[in-house]
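The structures considered in this document are given below.
The two complexes that follow have chain A in common; it is paired with chain B in the first and with chain C in the second.
Entry: the complex of A and B
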């Protein structure tokens, strides 16, 4: 069987993410598209550019967070219903450090990520002893416990939340407005995608997948299953904390009530529909589900969908639920598996389907 | 205490689950570079014994010495990193991973790149990946599974999965390799391939502990055979001694008796 367009002469080349010239070209085109994306005019006139960019910025932050969930749930197989709480912890860390302690946003950001990682690590402790369903419940408990704790202290704004969280600024150049935020967020997104891809092609990524597939056999590879679960939660927490920090700075306000259980479910759905355990799957999953949600909400608010404003929300949920059921039963490897199949068929053509 | 050339020695191993005695005072010894087989009827305690050696079960009493060091009660991942590698009877270990991924994962104990290295994929992580890949390719050509490299385990046939499982144990570069029924469910040509693999491993100086129901293969391969029945060792010796052993023949009343006497 001839394999098209693949001439790799050493293993380092074969391991590279961008092993071929075509891939470099594809990346260059992609980056140009990303740079031009915010200048594409909107179709719905009035809300125009702003609505579109606001959605894009929000989606970038969600992708970063979901990449973390993808490590915990997609790769390591630990169902995490408390991911939104990790984002919340990152967000509040940012808020407290910048408002109460007066740190600059950029200094608080790595601390937000790191602290969330460390807290996630402690959440993993019950997961070591528990399996499957029970891990999900433990993480769910963490969501409610963390919300409760945050609302108990004045420094975290009690039940009112925190306000006037500063935007990042570079020597007086303030990141404000959707366009500047877009270009501020994009490097973080690219970095996180790269990190996620690196994790999945490295020693630790394979250990995650090994314990997901078979945690008993994985021990015979010399993998300390408990320790690897902790590491998965730690890495997932880093992503979520970073996303949370970015989110609270962008919104400039944060309250515990924005971090709902429902969000956690959305995030899980995103990795299921995109393709659990794969970086590209997580990205595709977030974009497609967020896009559906955005389109339906635009249609709802512009009156295309009849009925009250909540009608479009219900339609969104129905589509979401249906999509998950259909994907789990017919495409359990997610949207990304369709792309892999197309690629495989192209390479094998005309020898097989 | 431990005889010269003995690499793995079990002494008076007792393993019970509630009222059931799975292993009842089993002794065994494996010499460096030998192929030792454990045979016995279903439920005799063969898999219990290797689960005890590899740290999956923790016997209540006894000692298992590996190079003079008592490993009984140690965790499974610890024992794997000491150089005792095993395969599983059911070869569907990591269904979503490709053969290459599984073999690369088999290099886990020989690599040590940290999370930070892995995230950035530079320096140590990159070097180790290239080295792991080289070792994985070696195991691939050793086990003749070149065409399975990028195929997920779930998409392979049973026999192919068995081959991958053996290659996986091999890529870990163990001193002792424990094979749990590597030939069960295979046809004759596949059995021959696996037999050759075992001989090849032996030629490379590995010590092999084998559980197998295929008596012919056992007799052909082994330097020494241990026979278990009802959790007790009923015989130990060369294949010729075992074939002539009265107790063994009794334990195998039925289907296997004729098999044994025909050898």
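Entry: the complex of A and C
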């Protein structure tokens, strides 16, 4: 945050991601918090952190995937209901390469991301011809088609899925257990957030927003709208493929049934609630919705919420649905807009309203 | 530089918007298209820039030539690359981008950062009221500022011909005059030609030549000075008929 009266005096400072000393300090504190996070004892009191750290790791992977969806849907405005299928493609690529072909996990990871990106690029082809609603239907179709195709082949484990997907290892040091996974995943998360933040303030990011806001005006400035859509899907696919590869390696199992349409809807909701088109919005959206989901499921399984075990699931859905309706009508720019408002008020103080 | 030869434009295969429209435009000139609502001014511009096809329309007859080459089969972005830029009606800024980012979008096809920066300074010098607002989201600008930004954004692509659709729409008279003065200045300094579709007769004060449209056809044309006092002009878009004059 910059205080009122402090002006950026040159272009370099205006463009800098971390323009001020306060931002560097904030970043340092944030990194320390991230490093200490897994050592916070969870509600059961032990630092072995079963539920808590497991949730954190899962959330990190979802954030990486949703950052990709944020490029496709948030920035470029192409509603993508098949994002979970992109994650699935990445996951199965990882699984096949490591089990059938015997590749090490770290070598398979970039291939998983790249292959998903290329497949996403082909999904974009119908999206070029279609608009709005119909793009959503095309991506939805891709979800079911890809599930069908994967279950047809023995190499992808047919309907049983694939097992014993190896964890990554560095010269004999195996990434096992929640704590090691946490520190293995964290650099990927930081890298993806940085890439995503950079996309949104670069030439290509501006082009995404331009075709979303006014595709005719974008065309009359010489932007090839079809090409930009393809790029958005490709980049989004890269993120999803990376997340899928990490996911299947962490779970060590993968089946098509994990990747439901419902998940796609959750991811879209995360973007809406966090603030579409903004990197920080996507991160905040994933964390807040996953947190609600986790808290309710813990309350449900520990018997705090009365009724059968499915009651808490229904309550989660109800809250989720209500949250989306309320956010779309009252805070269409998402949770992150509240933060921006606080920032603006601080800057204008004492002249703000 | 530009010639439109007897074009017929149809929307959705049903609505005939232009019925044999022709015009020519020489380099370094400002040409005005006058006419009332529905006379085909916007459609003429869209036929030239290729945006017509994006809006479910097409040319059923005739041709559009730019520098002697036919451009009526090209996609809008290809036409933009040739140096023909369309400023759409009603302030088509990208509301979620800042003024500076909007201007950078105009320079999307250019790579030389030094030139882009100096062009940006020039845009700010034409429209000084935009200068203090550089980092503001363009959605929050006033109507006049958005119109200036749309024009400035188009200039960032160093176009040779700018198609302007009703720049005066919804603006206060003072601002309209201001914008037209700047357009004239841009024309002399940048050697940019303009084709301006306009209902406001103020456009004739900067135009070299004008065409008056009615139901998709040219009903009258001539030097701007001559058109200003012409009866057909008054009839076509002021709604005053000959016996009333």
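Convention: the second predicted complex is superposed on the first by the 343 of 353 C-alpha atoms of A that agree within 3 Å, B and C clash if a C-alpha of one lies under 4 Å from a C-alpha of the other, contacts with A are read in each partner's own complex, and residues count from 1 in each chain.
Methods note: contacts are C-beta pairs under 8 Å (C-beta built on N, C-alpha and C of every residue); 3 or more make two chains touch, one makes a residue touch a chain.
A quick note: this is a predicted structure, and the numbers were derived from the prediction, not measured.
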| item | value |
| --- | --- |
| Superposition on chain A - do chain B and chain C clash or fit | clash |
| Chain B versus chain C as contact partner of A:91, first or second or both or neither | neither |
| Touching partner for A:224 - first (chain B), second (chain C), both, neither | both |
| Comparing the two partners chain B and chain C, which touches a greater set of residues in chain A | B |
| Which of chain B and chain C A:236 touches, first, second, both or neither | neither |
| Partner chain in contact with A:195 - chain B first, chain C second, else both or neither | first |
| Residues on chain A lying within both footprints (that of chain B and that of chain C) | 14, 203, 206-207, 209-210, 212-214, 216-225, 277 |
| Touching residues (chain side chain A, partner chain C) in the complex | 14, 203, 206-207, 209-210, 212-225, 277 |
| Chain B-facing residues of chain A, complex | 11-12, 14-15, 195, 198-199, 201-207, 209-210, 212-214, 216-225, 231, 234-235, 277 |
| Chain A contact footprint on chain B (complex, rising order) | 54-56, 75-77, 80-81, 85-86, 88, 93-97, 101, 104-109, 111, 113, 115, 117-121, 125-126, 128-130, 132-134, 137, 168, 172 |
| Interface residues, chain C side, partner chain A - complex | 49-51, 54-55, 75-77, 80-81, 85-88, 92-97, 101, 104-106, 108-109, 135, 153-154, 157 |
